[in-house]
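What follows are several structures.
Look for chain A in each of the two complexes below; its partner is chain B in the first and chain C in the second.
After this line comes the complex of A and B, so read on.
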């Protein structure tokens, strides 16, 4: 083996290799850019809103004028491309604002569920014994309750609750409800991986040189299962978006801001009078994002999971 | 091997059985006999007559209970007639003593709470018990506030019950001076002062006879075990899903009215004159939380009648009064009537920001475009409210629209807000409105109000909550602004005027905590006045007095549009009575042919 080969081998880490493989998959990359576009839009809405909520491009409250209620989609102006709602507000802007709501909730809920699930799973897998029993008992109990019912129950309870003087109603209530109820899957996965790896040579070596338990978990074990967290994050993200839509549809979300669930809920009764554009705009936005995330998530898993990689 | 096979079959059978059971649940339309199928858009809060206040409970309870009086089904103007009373009361010259006879032979429905499960005869003691129970302080009663300081000794009884541990340990044998049983079928009621609305108040379901045995037997469960004397009894209540009421075989019996108003005979409303009631054997109430499933069920013929949801209005009605071609093809009929009701945005007058700031309250009123509100939410078919006494009531003021209380003038509102800020000493802080629901209607309603407030430079936060939380917060004076409405229970407007009397502060009907000593004085006067032009003038004066203070933004009065299939007979809208099912009739043969009609249309 010459020096170049050795250097190339050294550079070809798990992540480097995965991204190289991912770049080769054209369709997955298209999906990646679609997802990135959604995220960019969400970030733009978030920043624009914090600078000037009345900025025309994101002002979903703006009424397009008297007599503009329930206008069909038209190309007269950008704002009427998806028509208007019962108050004459642009459906396009509501849909774009919905991107921010959905992604913010899904992102925050994913982070919460990872923050709970990963340490609990790692502790249960690494220490075993009573710690493992307690964690397994908690997640077994939680997983026996249908998820949607659990999320709804949390959303209702959190809706009027105050934490440290701040009220939880609205978006924080929704992502807390989803995050607090959805850590079981990642916890179970991490626990299994840690059990598998805790007797590995590199862990035994770390123990032999006197590393503390927390150092072994956080510096040695978790970095080696990080790709699993990423895969799980990307795949769960879609279901969190769907859950946000369901929660808003049921009237448990933030009633004061646009969301896709609220748009679908309003449209469900308006459909009978031929007002289809609100429903169409919201469902199309969900469909494109879900499809892109699913395809990209699958590709990411294929590239990151060593087993799947070797089979190809 | 055979055993294993048997095990498998047995397991399969156990798994399939529940499915078969569910699948075989009888469609009410397939029941033999005449079944009326109605929709409820919310679950009834209670079927305990003593504590009924919501319209959905009364819609069901009205068929199970019978108070002393009711309104004639057909005659207009509305006329009070005896129901379980035997004739109208004898009233003393000073209007302080009412002697009422009750019909003999009225039986409670058969129920396990009675000896041998056989319903016993009703006596006046059951009516007295209903009064005393309402006054029982341990029986948290929503209807009590209206009866304070009305009947001699009843307020003392109210205080007397305070000493007891709970509702059921109260000793009801303590006499109330104003409630005397002259014999088993004659009751004498003595009033503290004349109460001209007393007979119409006796038409309220909450004063139907109550069997003490039933209360002691069911205790808190009486909410779902009504024991009444009406034409129907509860057969099944699947909470949140449906209720079935069936004929009460112990009912005293009654005949269909032989008189009505001009035009009733031509409408066929007197075709059954003098016939024995009730016609319908059972009523199937389905609870629909959403309008659309109810609307589709009606169109499929699974409901006999249905009010028109706002989103389906254009589908059903094509012109001001006409039915669409689609509805006509299905032989659907329309009844339209002015419902004496009023919708409003209430201000909590105890609130620091709103209570002492008339310009702010007035500005909010000027900021709301009522016509647009009605166009958006009621397809332009409700009537803008210029006051709070609805058209159709005795003292409605046809001139009130000239006062400009419901004017839409955002520019004037902005000027008033500047005035309001001077009073506050700062800019107006965001206001908070409590909304009694979180469905699409409520969120859109909230959005509409937010936009209206924003247009004049105010910020409104809307808190969407469930009905019990909303009611609790509003009754405790914790709501700053609140969206609400009221429907009339009698042609007399004293009930809506009472919403502004100091003595009716919440948990009574004054949810605004509005207090005006001059108004209170006039209210005291009005309370003892009998119907007359003079009283109508007084009521109108009181209404304007309240309107000048803007304790609320009155938005609209409802105009009801109800559709019904042509197999329904004897349908006449009624603004004040419940328990009208006994008059309804179904042409079952016609209903059974509806599926063929639908097929032929397609």
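After this line comes the complex of A and C, so read on.
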């Protein structure tokens, strides 16, 4: 017993170990700080927008007044530091705004898919029988539909003003569409892990002690698969960002707010005319974020893998 | 209460079959007869040793008794209550008094919980005392099993196998149960640690007036700890008597073979070692007649068709055996 152990009371030693090991991976930590930077930017945009809700809109209108004209990148002013698009809108501001759109949508979609996938997977795995059959049937059906069509169908339906008085159109429509269609992966994963663990001796021991089913699921089984949820979250986050880009590229996102997908969609037709900066800004922003998230997610998985835990 | 007031636990004709399912429609094509009609009783404060080779259904007997595994048929009486007919709430009440110690101390402790919360869990589940009182109870039981109260804050992976088994024992005993099923509690441990744990279990039995069902495959351990011993073969009990009598004069040919295989500290020159041929038959397709007949050195024609049920040989100490030859030889 050393000082360290006593201090770690109530704190799961797995996390303690994992973060210690993670800190030793320099490259992963760089990626972590890049991702953290993106999040800070998103929060900054969110705060700036809540102080002045017309921030993005002002730029649109203001620039519109100046005529529909490109401005090449130059260091002369903030508006033209990355150039502008054909409406004279600043690429820099659009790109920054895109960070917020992408992260907000990906985060909300992840939370929704975990909130649906984890309880369903846990119930299916633990109770088995009819419950299992129903859950498996639902997700098999859902995963048989090509996801892009499913997401588009959801996005179109949710964007309809007749549903919930149009409250779900725009951003909520996008993350609901992604979240409601992509819980299958995590559900399958959790179901498998619960099936694997429900016959283990510590679960039998909990049963022998007299624990209820919900106590066994929430106190014994889920804490033991929590690292899997975290790893899945970090790796799925990237694909959710991509989905947001694709949806807004297809014009199903929020029409009034800048997003990377819309930038790429607009820039793709201009590329042949030598207007390269808008495409570059959006794709570089996506590329750096995806790469950093993937590398960090992989490192996190290595550090949280229980089989590698004993090695110090 | 069952017929005999002294008996804390009584098992009657317990059968646990696992269905074998095959094909698309998961039709049941057969059963693995893990436990096939086991009956015994345990007096209050005594230890019954349940011995047999791996796969003979020892663990299934223990788990079925606590309803951790669903039994196919049979009855289990505990303190006069019929365990299999209890409601959910009644079962929870009963489980307060009957606890289970698992074989593998590496698997039976939740790796994400501190030792303190593992041991306090039974108290919390049964709403015993206030949080402070529970904390005291945990510290007390930790000392009782030979650990210190500082250990409550550590995680299971910080402990050795022996210490972990002490933690598992503490969890089983913190509710002060009457009856504990010990499912091979020492077979996963080093030989040097085994005796410590056995002695701990014996001390606790004396101090807390516990009744044990002690499941093991190690005959030396069983001899040391048990008052009575039941020998199992292929889901059935083939011999039952006091520990002393079993080791002095085993009657069933299977028991004889087992006992002849115990290594001795002072080998006698002309000790006869009975070597059994073949494998244990599959419990999904047990042989007709006496399940032991294909390997039995003294089997005769009728053993292939008829089964001798467990019968008293009529000695002073109760001695039951399921073998025609043994019963004839004795009478």
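Worth a mention:
The working rule: the second predicted complex is superposed on the first by the 276 of 312 C-alpha atoms of A that agree within 3 Å, B and C clash if a C-alpha of one lies under 4 Å from a C-alpha of the other, contacts with A are read in each partner's own complex, and residues count from 1 in each chain.
Please note the rule applied: a contact is a pair of C-beta atoms (placed from the backbone, for glycine too) under 8 Å apart; a residue touches a chain by one contact, two chains touch by 3 or more.
Fair warning: this is a prediction, and the values are worked out from it, not measured in the lab.
Contacts of A:220 after superposition: chain C is touched, whereas chain B is not reached. By the touch criterion stated above, A:200 is placed in contact with chain C alone, chain B being left untouched. In the superposed model, A:210 makes contact with chain C only, not with chain B.
When the two complexes are superposed, the chain touching more residues of chain A, out of chain B and chain C, is C. By the touch criterion defined above, A:242 reaches neither chain B nor chain C.
Of the two partner chains placed around the shared chain by superposition, chain B is the only one that A:251 touches, whereas chain C remains out of contact. Once the two complexes are overlaid on the shared chain, A:21 sits clear of chain B and of chain C alike.
Every residue of chain C that touches chain A in the complex is listed here, in rising order: 63, 66, 68, 91-92, 95-96, 99-100, 102-104, 107-114, 121-122, 125-126, 150-151, 153-155, 157-158, 168, 171.
Residues of chain A that touch chain C in their complex: 1, 5-6, 8-10, 12-14, 200-202, 204-212, 215, 219-220, 223-224, 226, 306, 309. Within the complex, the chain B residues that touch chain A are 290-292, 295, 309, 311-315, 376, 438-440, 443-444, 446-448, 450-451, 454, 461-465, 469.
Note for the complex: chain A touches chain B at residues 61, 63, 69, 86-87, 160, 169, 251-252, 255-256, 262, 265-266, 268-270, 272-273.
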